[in-house]
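Taking it in order: structure first as structure tokens, then the write-up.
For reference, chains read A, B, C and D in written order, and residue numbers begin at 1 within each chain.
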Amino acid sequence: MTISLNYIFKRIILALCVIVGIVVFSYVLILATPGDPAVKWAGNPRGPGATRAVQLAREELGLDKPIYVQVAIFMYNFFTGNLGFSIAYKGLPVVQAIITSFMSTFELTLIAYIISVPIALYLGLYSALKRGGIFDSIIQPASVVLASTPTYWLATLLLLAFTISKISVYGTASPRLIAETEFNTITGSYLLDSILQGNVRVFVDSLLRMIPPALAISVYPIGALTRLVRVLVAESLLEDYVKASIALGVERGIIIRHFVVRSIIPSLVQISGLSFTYSLIDAMVVESIFGRRGLGSLLISALNTADFKIAITLIAFIAIFYIIVNTLVDILQAIIDPRVRL
Amino acid sequence: MVLAIVMENLKVGYIIEDEVFWAVKGVDLVVEEGTTLCIIGESGCGKSTLASAITGILPPYALTDGKLKLFDHVVINGQLRNYNGIRGKITAYIPQNPGTSLNPFLTVEEHFYYVLRSNFKSDREFSKKIAMEILPKVNLDSSVLEKYPHELSGGMQQRVIIALALATNAQILVADEPTSFIDAHLRLQIIELLGRLQREFKKTLIVITHDLLTTSTICDYIAIMYAGKIMEVGPREKVLRNPRHPYTKMLLETTPILGVKKRLKPIPGEPPSLGKEYQACLFLDRCPYKSKECYSDPQIQVIENSHFSKCWKALEAPWL
Amino acid sequence: MKPLRTIYIVLLAVFILVIILIALLTMLHQPPRSKIVVYAYNDDITGIDPSLEDDTGLVVLGSIYETLTYYNYTTGKVEPRLALSWESSEDGKEWIFHLRRDVVFHDGTPFNATAVKMSIERARDIYRETGRGAGYIWDAVDEIIVVDEYTVKFKLKYPQKLDLLASASYAAYIFSPSALEKSGASSIYDKALEDWFNKGNAIGTGPYKLISYDPTREIRLEKFNKWWGWSVVNNPYAPDVVIIKIVKEPPAQYHGLLAGEIDIACSVPRTTIRDLVEKGFKVINVSTFHNFVLFFNTKRYPTNISYFRLAIAYALNLTEIVQVAVYGFALEASGVIPHGFPGHVEGLKYNHNLETSKKYLEFSGVKMPIKIELLYQVDYEETRKFAELFKSRMSELGIEVELNPQDWARLKDIAKGVWTSPESTPHLILADWWPTMPSPFDYLYAMFHSESKEWNFAGYENPEFDSLIEEALTLEGVNYTRALELYKDAQILLFEEAVAVGLWDEIRPFTYSSRIEMPQEALNPMYTFVIRFELVSVRS
Amino acid sequence: MIRRSFIILRRSLRKIRFKIGIVISLVAIFLAILAPYIVPRPQEGLGYVPRDVEARRLLPPSIEHIFGTDSLGRDLFSRVIMGTRTALLQVFIVITISFLLGLLLGAIAAYLRGLVEVLLNYFTEIFMAMPTIVIALVLRLTLGHGIHVTISSLIMTWWAWYARIAYVYARGVVELDYVILARLAGLHSLKILHRHIVPNIIQPLIAQAITDLGSVLLEAAAINFLGLGVQPGYPEWGVILYESVFYGGGVEVFTQAPWLIVFPGVFLLLVTLGFSLIGDCLREEIDPRLRRRWRLWF
């Protein structure tokens, strides 16, 4: 297998085409929803001047132009990052709203993956090495159960457990703590911001609050990746070089660590990347259960308030994230694998 | 005289889909220390399984019976297998496909390090020193140490593997079809290299091959294997010149000998399937010399010192 | 076990780290130092332009800005605020306000008549020009004259009770003229000024000033030490910092209260109130002017038949609805104007009676079974429960109800379609209302006047009704009692025709932690959700 | 092919996991069909709020109400059992339509090549990148409320996966000699698709479809849980969970009525598990590497 620069170039071109398609698609989709953004932009006007005000707002938003012109303008603004202000929350720049929400969802999902990938690797590896044994016969159905647990249900149960134990895990961080320490979130990621601002208390508090939702999110990747690792390990144990090194007396530990685990890492990275984007969607749901701000709440409120700018940008953003992650993961896989030289 | 390998009625089989398939169906074989033995047979005759049995890489779903002794270690005794202290210490393995037999994620140096660390607890520097010593012996210079396997040619990969096997200091080297995956013009070179190393280091070398032509040049003894059993075994010259089994004879006829112009004859028919138990001679179906007695399992016939054949007609040898 | 040592180490390290973190957190859990009050509000802030905002921005505006007058809902009287006193001419068409003298804005600029003129003109003119905001309350104002530094004269086109209007919760806030300069706007009508406000800037006279503004997360206010009223309220324990935290989900507010992260919550789940009180939290029940009204689409079969509407009205069991939907935290509505609001009329209730209902159904001539559609707001728990309950009860009458839950913005869009495409607008619309100005006209005009195409979800057109309330409005400034009588007649008209059924007037329990004290006056139903933090005292 | 399917089935049946999966699925199907006849209060199962709602709110599980009652006094057992019907209906419609759509479009893309191939692959790519929940959010606004929103938003994303798999397999088949020959011989395209391509790609697709049953069920419930799909009060597990979490402020449910979260959740988990177990075992049979008993021998 060789991946040339040409291949990567082609991939990026394809990704760009798909991104353009997604932007167009979401634009059309969102504009088809009822609710007139111009009315909202005009500030829900009443009385005699209303018609003119709405007309002005429509012109201001460019909604009076033919749809392909609108899409083109939007696309230009989208790629130059010049999207102006939110329609529903006057004074909130669209880009800022999306970045801060995204960061907060992203950090949650990231924590979930920091928890789940090592666990999945460990469980999958051992159940593959002891296939048919007791460990395996427990882990295998358990991983199916984990992968089929409804995330939001689990999140609710976790919340229930914490409610009963009177530990507050609601929200991103304690509002009082934030007020006392005069903490301000700039990026939307509380962990990052608190580190940058040297705010240990907020860091600890927000990290602790992140653990229960992260656990709920991590259940699916643990289940799915455990199964994946098991397959990959089983495959890699059949590799000639594993057999050859066994025959040369290489220790079991070395074989597992440097031969088996190392060989499955590229595939593991790829699939983790893929499932990361799914977990991002899971995180959007779990977030709302735990009362956290993020992509989920932003998207719902954007659609509810006919804030078409945020809604389209957000949908396109999620889809683009998916594509970028996919492309990146492919390239990353190529970098990890020494057989592939760019 | 020290016996390096002793097999007594060694059977190896696999469980596939709840059925047992015997690949090696009872082999009695003795290999002296410091000699080279070629095991020759068609594909599927169980020779690779035999190599796996010696080097300790039978998969966990393999079944064994009989006895295998490597020097003083009883490795296979009935169903029990114990390869502790064998792999890399007494036996080393040279696999058939060098392309897939080196870990693509490791450099050559790391290969040496891991092998030597496992066997001698040596550190990185020491293993590098050893590697530098051994590599010239396989006609490679030390620049390959930094390289990943895919950056080497097939012949170089094979030589790295041979060097790794040498580095283990194991007495018995088992080469499983060492030439089948490399370019034709390099085959002889590799074979000669193996032969030279065997002589230089006084190793016991087992070469598994279906390639009578090139391989036979380096070996002291030849064993002919067919359908999981050894048909004939003896010193090289004797087996080649004076085959005492119809299968050996026919095998020789399929092989071109350099400088001799002759018609190559293919062997008609198919080898018997592995799943079944046979009472008769295994070669029965394809043997042009069969007679009534061939319907019972043939006893081992001693032709002369260290030349044996498993054919009722070995002594008469009507094919000669 | 040897082989996966690294993974073990990582897992162990993570585990130890978590334990350390937990230990750290418990160590760090110290009692709060400064007088901070965290107030959990249940919605995003839509904007904080003092002249244009007509939605959730009130909760912020109410603490930063002040109006000329203040409506005291317990006495029903208008009290002085930025204006010390005022008088009107006989015909109610000329009003003079005498302003308070020692008032400064948050940026130190003095408060004066120019600021009043500018603020009110901005609200009025932008409304006249573009229809935006709640500036219609100043519709009658013809001219604002600055008599001297501390005296303003209003000339009206028709008589109005302007002191009452000046206490309105929207469009009546006074901002500093220095805002113009700071925003770089050329005039008060410049869009730049609006953008400047909505980016999180404010210069008012209120007891608290704006420090930071994130409309979807939190708004931070700080005590304004030069506020004129501190000597009046005489409250040394007033909070130094107020955080208005957006916590949309009621359970989240409950959890926050329990964890001590929130001091005042405006919408904990009603079912948890008892539990909270047992745990030492305090509650103020505010019977708000926020009421829920079920509109009938009077332009579509079968709800255009008044007998059919009456049948549904009599089938509604308000007692059950209040119990099931809001757990008793509401007053059963009588008419469409809530209890305690000027112009409220008792006895406009359809007494639940299935027999009457069936009789009316027969009169209506509508053939059963019939299918009707109910449009309601999805993000209120009470409306969702009402919808399911309503659907079940109607099914007993043979009326199948199709539920159409929508968010507020879309509900409004669909509902006002009754004027343009009544046949595709749902038969029943459940909507809620809270007033802008303390006059029955606010409710009656917006929801039922034939000119109010934006909020008249019933599509109700009745010239008699229109003229009744129009006349009442003009009488307000001259003969208030007579005006109220006219409003009553108008409401009886609505009741008899069953254009809409008032369902319940919300009682909102504000729950707060025992470390603060909050007098009843801190909450005023006229300015729902605005807490007068200057009256709140914090004990540490 | 049919024979091979039988072999796979027979071998799978030896496994206890597969048997559990089959039993769960059969019970679910049984419940779905007979739901209205089994449950004590089918009316309440469909969302009817009883007359004595105030007395019956949030009752704990008892003989009369096996699973307790919800915050509107409805019998939870009836609702959950009736929910089985909705759950299976959603899953089967979604899988069947996506499967057929994917099979058809994938095969056509691989067979026709050229512009059609490029376009179809492009759309596949776009739809694969759109998260189902986002599509559901948008469709809820355009189509209103109802089970059709759940189903159509799921189909919109799932078909692309089948199209991708079908395309990959079909590409392999199209290149085979006999298909090329059939084409050269002037055999009708539909006939080639029907005779040669579809039979060759249908097996991996079916395996995939069976494996996906569980995921689709979960996603459907998630959409309804978010209030994007079926109408409130409808018997669907996601909706029941949603009501449990958000009605009664949720808090009360947590502390006083945990059965409201436990029962629908357990049903959802069990049925998903049943489907997943079947899919898992079938996949294991198709992929024999995973089957062998194995322990480290070195």
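Assume a contact is a pair of C-beta atoms (placed from the backbone, for glycine too) under 8 Å apart; a residue touches a chain by one contact, two chains touch by 3 or more.
The structure presented is a predicted model; accordingly, all values stated were derived computationally and were not measured.
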item: Intersection of the contact lists for subunit A and subunit C; value: D
item: Chain closest to the assembly centre - both centres taken as Cα means; value: A
item: Greatest separation from subunit D - chain, by CA centre; value: B
item: Intercentroid distance (Cα basis), subunit D paired with subunit B, Å; value: 54
item: Euclidean distance of C-alpha centroids - subunit B vs subunit C, Å; value: 90
item: Subunit A-subunit B separation of Cα centroids, rounded to whole Å; value: 54
item: Subunit C and subunit D: spacing of chain centres that average the CA atoms, whole Å; value: 44
item: Multi-chain contact sites of subunit A, meaning residues that touch two or more partners; value: 34-35, 163, 246, 252, 303
item: Interface hub residues of subunit C, defined as touching at least two other chains; value: 249, 251, 255, 410
item: Multi-chain contact sites of subunit D, meaning residues that touch two or more partners; value: 141, 251, 254-255, 292-296, 298
item: Footprint of subunit A on subunit B - complex, ascending; value: 55-57, 87-89, 91-93, 95, 97, 100-106, 110, 114-115, 117-119, 148, 150, 161, 164-165, 168, 170, 174
item: Of subunit A, residues touching subunit D in the complex; value: 14, 17-18, 21-22, 25-26, 29-30, 32-35, 128-133, 140-141, 144-145, 147-153, 156-157, 159-160, 163-164, 227, 230-231, 234-235, 237-238, 246, 252, 255, 278, 281, 284-285, 289, 299-300, 303, 315, 318-320, 322-323
item: Contacting residues of subunit A [partner subunit C, same complex]; value: 34-36, 39-40, 42-53, 56, 85, 88-92, 97, 115, 118-119, 121-122, 125-126, 163, 166, 168, 170-171, 174-180, 184-185, 200-201, 204-205, 207-208, 211, 252-253, 256-257, 288, 291, 293, 297-298, 301, 303-306
item: Interface residues, subunit D side, partner subunit A - complex; value: 17, 122-123, 125-126, 129-135, 137-138, 141-142, 214, 218, 221-222, 225-226, 241, 244-245, 251, 254-255, 258, 261, 265, 268-269, 272-273, 275-277, 280, 287, 289-290, 292-296, 298
item: Interface residues, subunit D side, partner subunit C - complex; value: 47-50, 53-54, 57, 71-72, 141, 144-145, 227, 231-233, 246-252, 254-255
